[in-house]
Structure formats: C-alpha cells, structure tokens
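Read from first to last, the chains carry the letters A, B, C, D and E; within each, the first residue is number 1.
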Amino acid sequence: DTPKDQLVVATTLSNILTLDPAAITGRETVQVLNNVYDTLVMLAPEGREIKPRLAEKWEISEDRKSIRFHLRKGVKFDSGNPVTAQDVAWSLKRLLVRNLAQSSFLKTRGFKLEAADKLFVVENEQTFVLNLPNPDDPNLLLMILAQNGPGSIIDSKTVMSHEKDGDMGGAWLTLNSAGSGPFKLTQWKSNEFIILTRNDGYWGQKPSMRRVLMRHLPESQSQRLMLEKGDIDVAYSLQAPDLKALESDKNVKIESVPGSGFYYLAVSMKDERFANRKVREALRYLIDYKGLDQAVMPYYGKLHQRPLSSGFMGSLPDQGYTLDIPKAKALLAEAGYPNGFQTTLRVLSEDPFLKAATAIQNTLAQAGIKADLISGSGDQIYGAMRDRKFELVVGRGGGGQQPHPDNNLRSMVYNPNNSDDAKLTNYQGWRTSFYDEKLNKMIEAALVERDVAKQTKMYEDIQVYIDEIVPSIQPFSEVEDTAAYRAEVQGMIVSPWLSRFEVIIKKR
Amino acid sequence: MSVSVEVRDLSITFGEGATAVKVLPGVSFSVQPGECFGLVGESGSGKSTVLRCMSMLTDFWKGDVLINGRSVRDMPLIERCRTLQMVFQDPYGSLHPRQSVRTVLNEPLVIHKLGDREERMRRAITDVGLPVSFLDRFPHQLSGGQRQRVAIARALILEPSLLLLDEPTSALDVSVQAEILNLLQRLREERGFTYIMVTHDLAVVDHMCDRFAVMLRGEVTEILPRDAIDKNRATHPYARQLIAASLEYEGAA
Amino acid sequence: MSFSRLRLGGAVGQLGSIIVTLLGLLVLTFFIGRMMPADPVRAIVGEDATRETYEQVYHALGLDRPVWEQFVYYMRDVLTGNFGTSIRTGQPVIQDILHVMPATIELATFAILIGACLGIPMGVFAAVNKDRWPDHAVRVFSLFGHSMPIFWTGMIALIVFYAHLDLVGGSGRMDQFYIGLVDERTGFLLIDSLRAGEMDVFWSALNHLILPATLLGYSSSAYITRMTRSFMLDQLGQEYVTTARVKGLSRGQTIWLHAFGNIRVQLVTIIALAYGSLLEGAVLIETVFAWPGFGSYLTSNLIIGDMNAVMTCVLIIGVIFIGLNLLSDILYRIFDPRTR
Amino acid sequence: MEKTILDVRNLRIRYGGASTDAVRGVSFTLGRERLGIVGESGSGKSTIGRALLRLLPGATITADSLRFEDVDLLALSEKEMLKVRGRRMSMILQDPKFSLNPIRRVGDQVAETYLRHFKCSRGEAREKAIAMLEAVKIRDAERVYAQYPHEISGGMGQRVMIAMMLLADPDLVIADEPTSALDVTVRLQVLNILDGLVRDRGIGLIMISHDLNLVRNFCDRVLIMYAGRVVETLQASELDSAQHPYTQGLLAAQPRIGGSRAPLAVLDRKPEWLEEKA
Amino acid sequence: MSAAVETHTLPGWLNALKNILLFLLRSPTSAFGLAVLAVLILCALFAPLIATHDPYVQALGNTLKPPGNGHLFGTDELGRDIFSRLVYGARITLTIIFLVSIIVGPVGLLIGASAGYLGGKFDTVLMRITDIFLSFPSLILSLAFVAALGPSLNNAIIAIALTSWPPIARLARAEAMTFRKADYIAAARLQGASPLRIIVKSIMPMCLPSVLIRLTLNMATVILTAAGLGFLGLGAQPPLPEWGAMIATGRRYMLDNWWLVTFPGLAILTVSLSFNLLGDGLRDALDPKQMNKR
C-alpha cells in the first residue's frame, strides 16, 4: 500500500514537454501547475463559478474595459518573496514575450506585446489592473486568468535570477517551479514521474499530503492491476473495459466529470461532396448516437449533439438525432449520391477514437458510403486536418476549458478568414473550410452583449442557426474526464483542469 | 595449331605495404609448340600462381607472357579463352556442384555463340572417354576421375591450343591417374596441344613431359630435360635434393 | 545474424569505415526524420496555437533553413560535442540518455546473464546429443523462446506472476512510493540503492527487474542456444576432436577442454551482439513493463519527430555496434593465436 | 612375429544410416611388426583404424573376434576404453593442419597425453613432452613447445602428431595416411622418424595408405583392400609378385621414373572382385 | 568413390526437393513445422469455407462472449468472431511473409552475391550501406518507415522488407566470398563469362541454400515484427484481422476476457515456432557444408 501521507497518481505524462507556465500544452500539465502556482481567481470545482484565489476581490469597470484586482496580503512565494502586483504584471507580460503556446489565450483577445505596459497596470503592491484591448466579455477573461498557464502567477525575482540569454527564465522554469501554491515541484523525469512536495509556507490550509507522485503509466491494465493492489491511489488513464471491471471493486471509486470539448465527426468542406449541405445532413443520420453512447463512449463522454457544452450559458437540449439509414439514403440521393461514395476516415489509433470510428465506418457503409480507415498519431491525423487535406475525421476538440459559450463557438464554427494562406489552424472552422459570414457576426455580437439575459438568448439563436446550416462538425458526445481512485482518498477533484491535491486526505 | 609460349620476367606481389609478399620474383621460361612442359617444386613455391598469371585469372603481374609471340594481355577476352584453357587440381572443386555436365559444357558455347552445340558437346564428352549419357549427370553423381574428365572436356570444348594443367591428377588414385594421364597423352598426340603441367610427382613428369622447370620460392632454379631425372643430372642443389628424394621414395635405383 | 558482420577489415580501413558508417547512419536518420509526418513545432506550441506563435517556434528551431544547411549545422554541433536539446523533455539530449541508458543496461545485463547461463549449456548439450531426443527437446524449448511475441508473453506473465501470484513487482523499475527516494548517481538502481543503504528500494528494484529480464533472457537464450549448438557441431566435426579422443580424453574433457574452448570467442561475439540488440531493441518489453529505457525513449521521440534526440540515439546505437565490432576483433586477437 | 597384439576376425562395420557395410568381413592379425593397409579411396581403410579405437559413434561394429592383447575391444565399456585409447593403442591422423587444436600450444597438446595417462605434475609432463619432441627430431623443442599449430610447418606438425601419439608409449600405433599431405622431401624425413621409433620401442604399427611405394619401403606385411574387403595379404618385399589382378593393376598403373612412355595400364575393375575372398 | 555413381531417373531439382521433404519429415520437429505451415496455407486458401462467421461483421449486442456458444474462440469487443478473424488473418500473415520474402530474397541475394564476388570498392560501398541499415534496430527502422509512409499493411511490408534485406545480403556475401576463389568460378572466368553471368549463374545458386534457410528463419522474425508493428498500431489497419493488431486491441480486455489476446497470441507463437523449426530442419537438410562434403 501507499504511505498515508503520500499520494501516488498514475497518469500519462507523455504530453508534458515543459512545466514553464508560458509554454505548457495539455490538461495533464495544467493539473500539475494547479498545485504549484496560484492564479488570481479560480473556478470552483462544483459549478465552475469564479472564486477568489490570490485576488481577494476584483471589480469590473463600468465600461467593461478593465478589471481591478486586490491581492491577498501576506502571501509569499515558496522562495519567501512576497506576491506583489508587479509579479502579476510580469507573469502576464512574460506570456507575450515568450510567445509560446499559452500566449494565444491573450493574443486571441487582442493583447499585444507592444501595448503590454498599458494593459497590465500595477497600481500599487496589492492592486493590479487589467485593461482590455478590445470590446470583450470580462467574465471570459476572468475565466482565462483562472486557468493555470495563462493565469499562473510566477515569482519574478527568483525566475529572473535564473535568466539565460533573455529567455525570461524559460530554461529554468522548464524543470523548476517558482509559485505560491500548496506544493512545489521537486523532480520531473520526462515520461517517468513528477514529484511534488508540500510547500510548508503555503498561505492557505496546510495540505495533508507530504508528497505527491505522478507516475507515467500509459498502460491501462497496469494501472488497474496496481490500483486494485493499492500500489497507486489514483488512476487517470484507465480505459473503459478496466473502469467497468473496477466498478465492482468496493475499494475503488470511479468518477466521471464534465471535461472540455466534444467527440465529433468532421468533414472537409473543401471536398465538393461534403460542401453539399445534403450530404452533411445525411451524415447527421449516419451516426448511431445511442449505440456509441452505450457501447463505446462510457467513461469518455456522454451523448451530446450541439456545439455548446451543456451547463454553459444558453445551452439548449440536444436535437435528438438518431441513426436513420433510410432518411440518410434519401438525403444522399437528393444530393446526387444514391449509391453512396468512396472516402477516407481518419482517426487517432487510440480508444475510444478508433472504436468510434470503426462503428461509424460500419454505419456509413449501410448507406453506401465506403470509408477506409486511416489511423495514426496526432500529427498524422490532426496534421492532415490542419493542412486541410482530409475527407472525414473522427476527433475530439471544441474548446470549453473556459465555461463560456464563446469558447466553444470560436473553436468549433468561427472562421474569420477561409483562405488557405490564413492558416488559422486554431479554428476548427478554418480547418474544415467551413465559413459562414452571418454566423461569425452573430458570435462576435453575442460576446460583447452586456445584458446577460440578452446574451443568453443570442447564444440560443446561434445554436438554432447552426442547426439549420449544418456545419462541418457534428458532435456525438461531450467529453468527460474519468478517474478511479482508492476509496480511502477523500477530497479528490477529478477534472484535471480544476484538480488540486491540497484538500486530499486519506482515511484508512 | 600448336602454339609456342614464352614467359619473360613474370613477377607478382600479393598484398600491399607492410604485408606485401613478392611471390614470384621473376620467372622466365619458354615452351616449344606441341611440347609438354613440367613445373615442379615444393608446395607453395608458386607453381599455381604462374599458371593463374598466364591465364589472366590473376592480372596484376608484371612481365610478359607471349603466346605465339602475342602478349596475353593484348588478346581480347574471347580470343584468349579460345587459345588457352586450364584444368585444375581438385576435381571436386572445379565443377559447379549445381550444374549438370550439360550445363557445364553448354555455358562456354553460349558465351562464345558457337553453333552445333549438341554436336560439340557429344564430341567433347566422347573425346574424354565418357558415354554421352553422362551429359545429364551432376557432379555428385560422378567419381573423381570422371569429374576430371568432365573438367578436361570443358577445357577442350573451346578448342584451345594451350592447356594449363594444375596438378590434374594429384587428388586421384593411381589407377584413376593412369586413365587421365593416358587421356592427356592421347589428346596431345591427336591435336598437337601445348601443355604446361604442374605436378609434384617426378614420376608423372618423367612419364609426360619433355622438359621441366624446378621452382623454389617463386624462382625457377633450373630447367631440365626429362632424362635428367633418372640419373639425377641436376646441378642446382635443391633440384638435386628433390630428384634424389623422389628416387629414394620410389625405391627405384 | 552472422558474426562475420563484426569482422571488419584491417585496423587502418576500420577507422574510415567507422566514420562512414556513422555518417551514413546520420544521413539516413536525417532523411527519415524529414519524411516523418511528425511536427515537433506542434508538439511545442500545442493544438490551439496561433499561426504567429507557430511560425516563431518554427523559425527558432531552424526548420525554415534548407535541409542540407540544417544537417551541416547539426554535424557541426555534434563535432563540438553539442547534441542539442530534446524537444520533448527540454533537456540536453545527453543528459536524457544518461538517464534512460542505465535503466536499459540494467535490464539488458540481467537478461543477457540469464540468456547466456541458460543458452550455452543447452546449446552444448544439444550439439553433443545431435538428433537424439535431448537435441529435439532443446530445439523446441529454445525456438519457443525465439517465437514468442514478447509483448504478448510479457502481458501474460505480468498477469500471472504479478496480479495473480504476487511473486514479482509490476510495471516500472520499483514500487511507486520509492521513486525519488534514492539519489541518481550511477543511474543503476541496484547500485544506487545499495550505496544509499536503502535495502527496501534494492529489493523492490530487483523484484521489478526479474520478470522482464527473465522474459528477455529467455528469448535471447534461444538465439544463443542455436548458435552455440551450431558452433559446437562445427567443432565436434573437426579432426582435432578425434585427436583428443585418440589421446584417451573422455567425452566431457574433449567437449569442454577442446571443442568448447574453441568456440569461446564466437560465443562472446554473438552474446555481445545479442546484448547490443537488447540495448537498442527492447522497445516492446519496455512498453509492456513501462520501463523508462532507451528503446522507449527512442521510439517516443521518433514518433513526435524530436530529431535531436533521435539522431543522438542512432549515433549511440552506431557506436554500440562499432564497439562490439572492435570488441570481437580484440577478443579474436587475444584468444585466437591465428590472428595474432 | 613373436606375439600377437591384435587379432581381428571377420570384422564388419556399418555406418549408421548406410545401406551396406563399409567393411565386410576383414580378418588379420598383427604382431610386433609393421603392417601396411593399402587400397583405393573409400575401400574402408580408415574405417578399420577408427573402429579399432572405437571412434565411430553410430556405427555398428561386429566381429567374430576383436582382441587387442588381453582385452576384447568389443566388450569394453566406454570408460574402460578411455584407458586403452592413447595409452595402449593410438592413431596418427592424417593432416596435422586439422588434427591439432588450432588455439592451443602444440606442446601442451602433446603433454596432455601424458597428463591424461600418468599421475604427474604439469612440469613433468612438459619435460616428457619436450623429450619426445626431441626424439622426433624437432630442433629447439622448447621453442616449438610454445608455438601454435599454424606457426609450424606441415612436416613439423606431423612430427608433433607422432610425438603426441607415442608419448604414452602405446603397444599399437595406427598411422592413417600420415604423410599424404606432405612434400616428397619432408615425407621421407617423417617416415624415417616413425620407422626409427617403432623399431626402437618395438611396437606394432598399422600403416594405412593408398601409396604402394610407401608400404613397399616401410612395412613388413601388406593387406590389399578393395571395397571393404581384404583381397590379398603379402610380404612387402613380395609386392611385385602379387596375385590379385587389382594389386597387379595398381602396380602397373603407376608411372615410374625411367619407365616407358607407353600408355599406362588401366585398371579394369571386375565385379567379381567384390565377392572374392582373400 | 567408385560406388558413388548412382542412377537417378528424376530430374535433379525435383529429386532434391523430394529428398529435402523426406529429410524434413524424418525429424519430428520439422515435420511439425511443415504440418503447421500446411494448415496455415489451407486456412488462407479456404478461409471462406473454414471460417464460421464473417470476420468483419460487428454485433455490438454480442461483444466479448467467451469461447463456446457458436463462437469457437469467442467474440471480440465489437462482437466479431475471433476464430473467423484468425482464419482470415492467416491470409494477411501469409501475404506479409510472401511479399517480404520475394522482395528480400532476390534483393539480398543479388546485393550480397555481387559484393562478395566483385569485392574491392564495390564491396566496400555495398557493405557500408548494409552496415548502416544493419546497425539500426529493425523494429525501430520499420517503425520509422511506417510512421513516415503512413500506417498500412503495404507500408508495413515495405518497411519490414527494408529492414530484413541486410542480414541476407551479409550472409550471401559471406557465402559468395568463400566461393569466389573456387576453381569452378575460375573456370567460368576462363571461358569468358561476364561478371554478371558468373554472379547469376554460378554464385547465386551456391548462396541459395543458406539464403533459403535464413529466409525461413526470417519468416518467424517477419511475423513477429509485423505483429509488433500491429501491436504499436502501425501495421495493418482496422478492421483487417491482423494477428498483432488483434492482440493490440484485445489487450485492453485481457484481464477479464482472456480469449481476445490468447488465441491470436497462440497463433503467432505457433506459426512463428513452426517456421523456426522448419528453418532449423532445413539447415540440417540443406547444410552447405554437408552438401560440399565429398
């Protein structure tokens, strides 16, 4: 068994390339940073509303163009330096200077390095003002700042003492931490493990775990065996069959929570067949939503058909599409493909993608669409999508890290420039060559609407409109994050985006 | 169609740099048309090397090898093949184990684009005293003597005028040796071949050759006529010793 | 694998051929790297990065330069001892390799010990009893090891010996909570833990090592057995063995004093070769046992297109093989009087 | 012929897997003399030699009698055989190039025979070996002792073999074509040494060869073999008056120095030779 | 030697084949190998007759059923009949082996025989190239190629072929080097045969037996490599019933549904074992040393 004051978490670390908050990608890294760095505000694990963290309170200006944060007093970084407004401004500016993965959160909202000093203003030691460059929804910005990565507050003095060749401490931060969180990073071995140790000077409640070990164990079955034996406390990369088997183990708890994004079937509208609305509509009826939800998707996601995550402002219930071969055939015939056609279906060679794709391949075939599977690594599948060279993809994505409809919509359907040269690869709309001017306008307008009720209505309208025009991406499931953990572990927050180990205790 | 052979200052070095060995420092001898010339000497003295150089199997030697006054170097490959052929020591190693006698004999005909193949093959095989039915045999179905006959037939089929014989009988029994020697003798009488024959058996030299050269460490120590053996009229000490030993060994006085 | 591949030419030509081989390896690797659909930039900047960020990193990695120029720069760096940093770990590649290599060496060494201890006696035994039942039994037993899909047997063994019988440790190099307890000095866990006096860690490490090492050892013993048998048969057919028997030596003496003595060098060579391929090729077993070793390091970097790491790994493999070549040459010089 | 060392009666040998006997009913006796066995290749000469030392695994050996001095060779266990091999009966193999272990010093290989059969220290065995090497007229025996087989010439190698096989002072030595790989000049030297040793020690010698000249000069008696049978037994001195057509044919087929250059006589193998009894 | 002349009525190669077969059948282990190979070929040829179900048809309502109840080896996670998939998988396995062998054999043979016979610079260059390919661990090299070319059965075959010719070439070269000095080669040269002719007509047939043995033993490795690629998701693409891929997908269920990986695993093991046994038997049957024996 694991020691009482240590937490052993099995997960997949292969996506962790750096622990520098400005450069991280992926949710596993966010999970690590959540325990090491504090953010100004945070999202509550339940309900995801915005809660204070380093900022005790904040005010949104009347014109909705700035937010003033009041920092908690007496908070120290693990180095002993006090947390000041300068650190906050420095951390945010650093994102723009480094211009790595996490900078896009600010850049897509119009923040530019040249204007940084006007946008990030230090009023005094404890007060920081964030000015918004564009008309925007300040709530969305708060949500972004609540996320580790863009929102991580870094100890500027410590980091700058490790600066090399003007990298703003980038090399040093890759392997080390300089935060004020409940834990500090002790050791990270790529693809092996990460060790976090308790920060005894933490300003909040003292964590009861002395040490947290995050172990790279990509094999689901190994995780399961070890979890059953108590050699690990929490298992993150378990696959459906193992989770199912663990259901009956009373020493183990399994929890699924809403994640971000969707599992979807996407088409490339560059392809003339899929540019045809009827064909896209036919595809809508060629997915066995129910069957997938029951046979393939448990623990990975739950049935969902709209491009807006459930629980977000203005989200509507599903349209209730079902597998309907005759209808699909009729639509195909109308479109001029009575006998179907030949195409390819790209998919990641992992669960549940491959299984979902195999099932979809099967239902497509029933309407005469013969799709050859091309499975491969992320670069092979999403790479083709980014190059706009594909026909069909079964994939995952669609924003949703920030619980705001805009986040979903920009990722899924927004596309300001449909030319090949634009290379707007961060928009799935662009990737699938989907472009609808009216929709773009509606999304932009809804974001800056001040009246919440109106805004909600606008988002509802957008969804109805989307349903009409049949976009290039049809979600069939909404992502869920699932973890299994020993029953004695209490206070577990499953979602990696929100997960914190500070409140975990082991009851034996 | 007898040819004369003249070897002048034939020298060759194997290897390079520090490991270089001069195997033949400079060999000269000449052979009359229709003569059988013997090469004797202890093992490793370079007898086979001389033959391999003459036949251009080894081609990085210096000196001259003239056949009827023409240098072998200047002869085009095809012509050279039709002028000189070689019979090797080991009948077990000189036939391709996976080729039938027919293939063995047919190959040279194909390469040289000669017609009448079947006819030529039959003649060659009967010339060496084997029945025509042997054409369809494989080497492992032949005895050593029969193999050696096939090897001779292969050499004959291109109708050369000079035969280089590298210990053609030393791997064979006395009784088989006799057959081969008789065959060679007969062919020479009938066709006027010129032979250069390597052997270590002076009795064979005495039986076959008109003159012979005694080699020692790559050098020709002495060239003697055949009848020098009997009375040991050699002058060079090594040649004398060799002849004496052979005489003693034979128990003949 | 014939061991003749280890017998490179003379000592002079050797240096030249070593350099050519290494260079060729690098070119080949570079070429493959270029063909890979992997996008290292994407790995760095993530799925949602803007175009501008992407291009900045693309430029920073030097990917916008002509290919030959990239290669020349790479070669220049390598010659000055700079192998670059890995994209995936952000660490100097050499440092990464110093970390993963000991894990693999530990596994491979154990495996090869098991393989040799099993394979050599079996091979000799089979050769001596050629065509009788011990020969057939050894043949089946050893070829069985050669025929196992090791990823499958690995999984089965894990279930049986770890999950059900609880005889050995599971995946990884030691039990989870021991991780980080022992300072990494040599990287060899068994040695490090002994030095630190952490016997618990030592036993845990041994416990985790034994299963994958046995499996690998069994599969390489197959090769060793077959080769030993055929070397031994060669020798037993030699006339000097008869000589030894004529002298009155018993069968055992003939076999071990004469015949076996003469296959020593060949044996060491093929064992070294098997060891070499274990060092580089245990990818599958490393995957199954979550062993943080060289094979999985190379594979995972290959897949994401982390070419600095891949090229260095390939260089190391090249060096290992050249080292084995030299080793066997030296051994021949030492043990075989004919080559002196 | 004082005492019979070897008595072979109706020896038959069949190799495992072969369809016919390689040796078919061979009988002879041997005293303290030099017996030559001649015959063409494949007639079973070596097979007899090896069978006497029981070195043919997988072959079936039957005989009415196969006595060596006081022991019945057929009845001996492998363990008892170890005491006979090398110590009381040994065999000089043909080609020193292959018959010596290439990676061990020749001296050690010679000394091994002594070590195997006599209780003694390595030093003593070494001395014995060096003495024996000197006895076979190897100059500078100390140096040769430390050499490896590839470093010595064929003639020397053959002498080393002889030394090795005679070191334990056996009563019977079988020499299987001991000189066929050697030059004529060296051949004579080696044979003379062997001859001297046999004479001095008074041991029985079986000389296997296909060379009539050789047996004529170095043997007392000669067995002529043909296809697994002995077709004729002769005193060496009477070789020229052989009766059997095969022997006669062999003699006639040999070219001779000073002989006529008429075509050599050719053997005409008759099927009835296969059946004839000696 | 006088008795060595036997009479044969059959043509040489047929007779040789018969002898080899007889030789193989005499040894129980290689007979086993032959038998398994025969079963494999029969399975591949008559797959539609032998299989009890369509190997591709999914039955999501009938997933993960244990052996029995009309499914000899049970069903997989998508309700497909494992026995039928194995039977059809034999076709894939045989295709891989066949294609790889007919690429690798001639290529390796030609390169090796030329290098060995011609020697000199030609040999040096070819052998450096061979060395380079050889010093790359084969699984990783195939992995790289498959990753580069995109995963598919054909690419897996190309990749495996790319990685398996060097040992063959090495072997052929070593053999060729021992034959290049042979007198029958010298004789062929004396008859004016061109180097290419000598290589093709005289050298290659001599290297053939050992190359054949090596190829047979190689087949076992090919099966394992293909399975390994399948296991890593880079071999045959779904829904093809490639055995390695079946294990790869099945292993997620192996703790609870053992039959998903056990049967394909056993299939790989048996076939690879039988190829190994066969190759080993062939080694004795075709041993070049025995062949050259006088």
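Convention: a contact is a pair of C-beta atoms (placed from the backbone, for glycine too) under 8 Å apart; a residue touches a chain by one contact, two chains touch by 3 or more.
To keep track of the chains, here are their UniProt names: B, D = ABC transporter ATP-binding protein; C, E = ABC transporter permease.
On a predicted model such as this, the values are computed, not experimentally measured, just so you know.
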Overlap of the subunit D and subunit E neighbour lists contains B, C
Could you tell me the least number of steps, going only between chains that touch, from subunit B to subunit D?
-> 1
Farthest-lying chain, centroid of Cα atoms versus that of subunit D | A
A-E or C-D, whichever has more C-beta pairs in contact | C-D
Express in whole angstrom the distance between the two chain centres, defined as the mean CA positions of subunit C and subunit E.
-> 23
What whole-Å value do you get for the distance between subunit B and subunit C if each is reduced to the mean of its CA atoms?
-> 54
Whole-angstrom distance, CA centroid of subunit B to CA centroid of subunit E, is 46
Distance from the CA centroid of subunit A to that of subunit D, rounded to the nearest Å?
-> 90
Which subunit A residues reach two or more other chains?
-> 221, 225, 376-377, 380
Where in subunit D do residues touch two or more other chains at once?
-> 40-41
Subunit C residues touching 2+ other chains are 37-38, 155, 159, 163, 287, 303
Show which residues of subunit D lie in contact with subunit B when the two form their complex.
-> 40-41, 154, 183-185, 187-188, 210, 212-214, 216-217, 249-250, 253-259, 261, 263-267
In the complex with subunit C, residue positions of subunit E that touch it | 27-29, 124, 128-129, 131-140, 143-145, 147-150, 167, 170-171, 174, 220, 224, 227-228, 231-232, 244, 247, 251, 254-255, 261-262, 264-265, 268-269, 272-273, 275-277, 280, 283, 289
Spell out the residues on subunit E that touch subunit A in their complex, using ranges where they run on.
-> 58, 60, 63, 77-78, 147, 150-152, 233, 237-239, 249, 251-257
Can you check the complex and tell me which residues of subunit B touch subunit D?
-> 42-43, 144, 173-175, 177-179, 181-182, 185-186, 200-204, 206-208, 229-230, 241-242, 245-252
In their complex, what parts of subunit A are in touch with subunit E?
-> 220-221, 224-225, 239-242, 245, 291, 295, 349, 351, 354-355, 358-359, 361-362, 372-377, 380
